[in-house]
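What follows is chain A paired twice: with chain B in the first complex and chain C in the second.
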Partner chain A sequence: MKNFGFSLSKDRQIDFDKSDKRIMDFVKIEEPTFNICIACGTCTATCSAGNFTEMNLRKMITLIKRGEITGVRAELSKCMLCGKCSLACPRGVNTRNVIFKINQALEKYSL
Partner chain B sequence: MNRKRVIVIGGGIAGMESAANLASMGYDVTLFEKSQELGGHLLGWEKLFPTMRMGKDVVKFLDKGVHLAKVNIVKNSNITNASKNGNLFTVSCGDGAKYESEALVLATGYDIFDAKRKEEYGYGIYDNVITSAELEEIFLSGKPLLTTKGEIPKRVGIVHCVGSRDEKVGNVYCSKVCCVTAVKQSIEIKEKIPDSNVFCFYMDLRMFGMHFETLYKQAQEKHAVNFIRGRLSEACENMDGSLLVKVEDTLAGKPLRMSVDILVLMVGMVPSEGTKKIGTMLGMNFGANGFLKSQDQHTMTSISNIPGAFFAGCCGSPRTINNVFADARSAAMMTASYLEAYDIEERITYI
Partner chain C sequence: MKYDPFVIPFCLGAIILAFVLIYKYFSWIFALNKTDKHKILKGIFSVRIFKAIKEVFLESLLHRKVFRVNPMLGYMHMSLAFGWLLLILGGTIESKVHSLKMFNTPYEPIFFKFFNHDISMFSGAEEFKFVMDLLLLFVLSGVSLAFIKRFYSKLFGMKKTTKLKIGDWMALTALWFIFPLRFFAESFTSGIYHNGGFLTGTAGNFFASFLPLENLTYIAWWAYSIALGAFFIALPFSRYMHIFTEVVLIFLRNFGIKSTKEYNSFSEFEIHSCSRCGICLDKCQLLTAARIKDTQAVYFLQSIRYNNLKEGKAFDCMLCGKCQEFCPVAIDLNNIRISKRMEFASGNNNFDYLIPKIEKTAPIIYFAGCMTHLTPTIKIAMESIFKESKTDYLFLDKDGGICCGRPLMLAGEILNAQKLIEKNVKLIKELGAKTLVTSCPICLKVFKEDYELDIEIVHHTQFILKLAEAGKIKLNKSDLNVVYHDPCELGRGSGIYDEPRTLINKVGNLKSISQEKELSLCCGSSLAGIQLNSVQKELVRIDTLKALEKNNPDCILTACPLCKKTLAKDSSIDVKDISELVWNGITESKIVELTQNSN
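Up next, the complex of A and B:
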């Protein structure tokens, strides 16, 4: 095909009706404090990994809740499980266990 | 005995509570209500945030207040004129009756924002778009919440700030009660339909009241209500009658669309027609948002520009029920001190 120099832009929109909620459903049951996150970002601000990499737990939690899960595995691999985020969270989210459970879901569904 | 008279206009919470307080202090109080029943908007509310107690309990408390203190009640009143002549207020009604008093309290409340004006949300166009007030009517009637096809909704969307914080509709202020109402109603939906998913679309969650934050946490923790930060740009109808909403999930930084079976609009408060009408007849000052204006925002609340005329409740600004109670009692106090010749105005040193 002739190349006219155009390309199709990938749709950035989250289509909630079609997105993949498997990780969310799993973590919600396994670690219910996942539900009470208020997306304040304290965890991300204190995150040891976040200062050097793209690791952003606040955003990851939000995206998983929307069923946007591409890239979760790669991002999570940067976490050192140091647990600083759990100490800082003002809402009492057991963030370290949330991370464990996300990992388990990734294994369970081979994502 | 020649008792001083007070006219109170508006038989909602503010009017009933200020009338009861003034009458219990010994004044001859006449309360005017345009409908056939006292209680105002509270009559349309089943349970109240944040405690979930019944609205009708509060109506009973107010009723007892006006009856024990022997307030004269004029229902179905159609006020055609209200004015101040010399030191006396005169109120005329459609049936020819005339009333006089030495002081007056305006408690004409708010109207609910007409959701049709926010056309892009489809109220009045699509069947399954309802308002928070209509949802409350359903709760009050004891009927189940169903789509217009008679199905149990699987997904319910709740839109915050409809008619508030929106220059497009001319209302720049926050209506104060709707964030926590959204939380309350989402809990109630989940209690009635545990399998449903509820999504609140908000700009900020304004949980300012003492127990509001707890209620919010309860909605997340116990009922798994979902909160998505972002203001709806529009809703449109799918073939099956469900609604497609578009929003930016501002925490994810991406546009998002989803279908919901029922969309509930959290309609805000606007200055009532009654407030505009009677406030104008009396020559009262209105603020930039169309609510009544006090002589000073901090120190002269409830006190209008007309000596002897006071106001209480949501004709002054959007308020929660407990704020209206406090305001009504404060307006009663200011009215009484005026009648006892206490000159609060002399304390104003900065005008």
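Up next, the complex of A and C:
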């Protein structure tokens, strides 16, 4: 097939039996601005860690909301908590505390 | 031996107090690390001990620093501490002179007038009476002020006075009673035996005219002794623990022991030295502007002491350092706050992906910092100035760099911060540069405090000033009226107040404002305020802008990318970094030169 520079996404759906919402439920309460993220990706565009790796905060927030949390710990371990994302976020999500709280949730539920 | 059962409460209290204090202090000293213990041993036998004694006299007795912040409050503290000590000393001398013995029972000076009805026989008795009454009056004036302060703190220039715990109430009530009771006991005795001075003698005669003093005198002495005993027993569980702890703290500090970002038993000395004077309350913008009422240093320390520190209290703080700056006990409040945040931090970073590559090096390295990357105009100004001055420099984090580690540290993620610091230190050392210039005061602070680099570390304002003074760039003075916002980490944090001002005066007319230097306000976006919400941050920001915009300057200058970005959000006046104004001046003079040449 001719390569048009893009491909079709594979068919996928959320498996609710496997979805783990514990992190989401914890962070939602502890840092309510978590709820107002619109997944615009500004945070990821400005991310200091993103300069060196595939670290992607937007994706992480989305995955946590879906309950797909495997891999969150490894991803988050790259964040330097520098705060660029907090300043850049157009929605005023307190991303630094979101990250801080996700870490607490990971610890709390030994994930 | 002179004895009466009424001395028992006093003696019991004093013995219990001594035991508790000795036990606590020794266990804290025992828990210190080896180097610190060694410092104590060395310090005791050195001249440092005299410096410490002098400081104890000035701070723990005269309360010089409290005086400086608030004379009325200073007088209150001094009259209680110094007055009481003099009263004890005076009593001791008086009783020894009277009995002509080197040793007498320890309570005799305290209850001297009870045991010695006829004191006129020894020479100097009249003078003693006068001095002792004067001292009692001195202390009583302090007690009355303390009483007034409880109910009318505004008189002391304080909007708020601290809230009390049970132990405090007990000790405070006892303290309020001690000296009035002493006054009554001595007056009553004097009413019968005429052994009082100008105060107790006069009062005694007056009371004798209408009161049955024979019955009351003994009761008054009992009450005085009970008040003393109760105060001593409540002391270790109350704020008054600071009286003795501060003395020990001063000695330890003079021996060279410093607070660290990890909580240890030296921190115990620090938190128990807080007198809850409340000076830190009015200094905190989170109280005055953002209306968070329970997080100020005094309450924070109190929570640690009573083991009920909640996460919110540890995190509701911008670490702006203002409370620390004015704390008369000079407690390292920022370090204690960071050390306590550590207990709530649970990140586990892995920075293996950071593999520093060195392609070239230069004698001067420029580290813009993450925040400067969000304010590109500062970056551009700095690069232009470097080029203009023909500086051989390397822009270390040009294509996005590693964070300096301070943001992690401010969030209490000390161990993770250390991982980052290690990476950076290795890189910087390999570069072999002589000078490290940064635009961000947050980076500056961590570079200076935690990197242990043996190269010169300067903020860009210092660097530009040096360039100008060496004639490497020509500054152009504009006629703009400007005000300067001291960034917390640069001013109070790193003690850099003068260089930015000297530099500003070369490029504009600096107008002074009411809240500057040590008094400067926080922009509100401090990375330490990780759990503050946007409304709280905004309230602080607006508060700060109000002070900056007051005299309607042409431009608000600052020296921190984060301050600039924050203040610019709501300011009706242009907000610039000093480097930008410097570069503007240079370009303008170039344009003038060019037009003149072409004419």
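What we mean here is this: the second predicted complex is superposed on the first by the 96 of 111 C-alpha atoms of A that agree within 3 Å, B and C clash if a C-alpha of one lies under 4 Å from a C-alpha of the other, contacts with A are read in each partner's own complex, and residues count from 1 in each chain.
In the analysis below, a residue touches a chain if its C-beta (ideal position, glycine included) is under 8 Å from a C-beta of that chain, and two chains touch if they have at least 3 such contacts.
What you see is a predicted model; the values in this text were computed from it and never measured.
Q: Which of the two partners, first being chain B and second being chain C, lies in contact with A:Ser48: first, second, both, or neither?
A: So A:Ser48 only meets chain C here.
Q: Looking at the overlay, what does A:Asn97 touch: chain B (first), chain C (second), both, or neither?
A: second
Q: When both complexes are superposed, which of chain B and chain C contacts more residues belonging to chain A?
A: C
Q: Which holds for A:Ile14: it touches chain B only (first), chain C only (second), both, or neither?
A: First partner only.
Q: In the overlaid three-chain picture, which partner chain does A:Lys59 touch, first (chain B) or second (chain C), both, or neither?
A: Only chain B; A:Lys59 stays clear of chain C.
Q: Between chain B (first) and chain C (second), which, if any, makes contact with A:Lys84: first, second, both or neither?
A: In the superposition, A:Lys84 touches chain C alone.
Q: Of the partners chain B and chain C, which touch A:Lys28 in the superposed model: first, second, both, neither?
A: The first partner, chain B, only.
Q: Both chain B and chain C touch chain A; at which residues?
A: Shared contact residues on chain A (touching chain B in one complex, chain C in the other): 33.
Q: Going by the contact rule set out above, which residues of chain A touch chain B in the complex?
A: Answer in residue numbers: 12-17, 28, 32-33, 35-36, 38-39, 58-59, 62-63, 65-66, 68, 91.
Q: Taking the complex as given, what residues does chain B use to touch chain A?
A: Residue list for chain B touching chain A: 217, 220-221, 224, 226-227, 229, 249, 251-259.
Q: Quick check: in the complex, which residue numbers of chain C touch chain A?
A: Those residues of chain C that touch chain A are 344-351, 353-354, 370-371, 373-374, 399-403, 405, 407-408, 411, 413, 416, 420, 525, 527, 530-531, 533-534, 562, 565.
Q: Which residues of chain A touch chain C once you look at their complex with the stated criterion?
A: Against chain C, the touching part of chain A is residues 31, 33, 46, 48-49, 51-53, 73-74, 76-84, 87-88, 92, 94, 96-97, 99-100, 103-104, 106-107.
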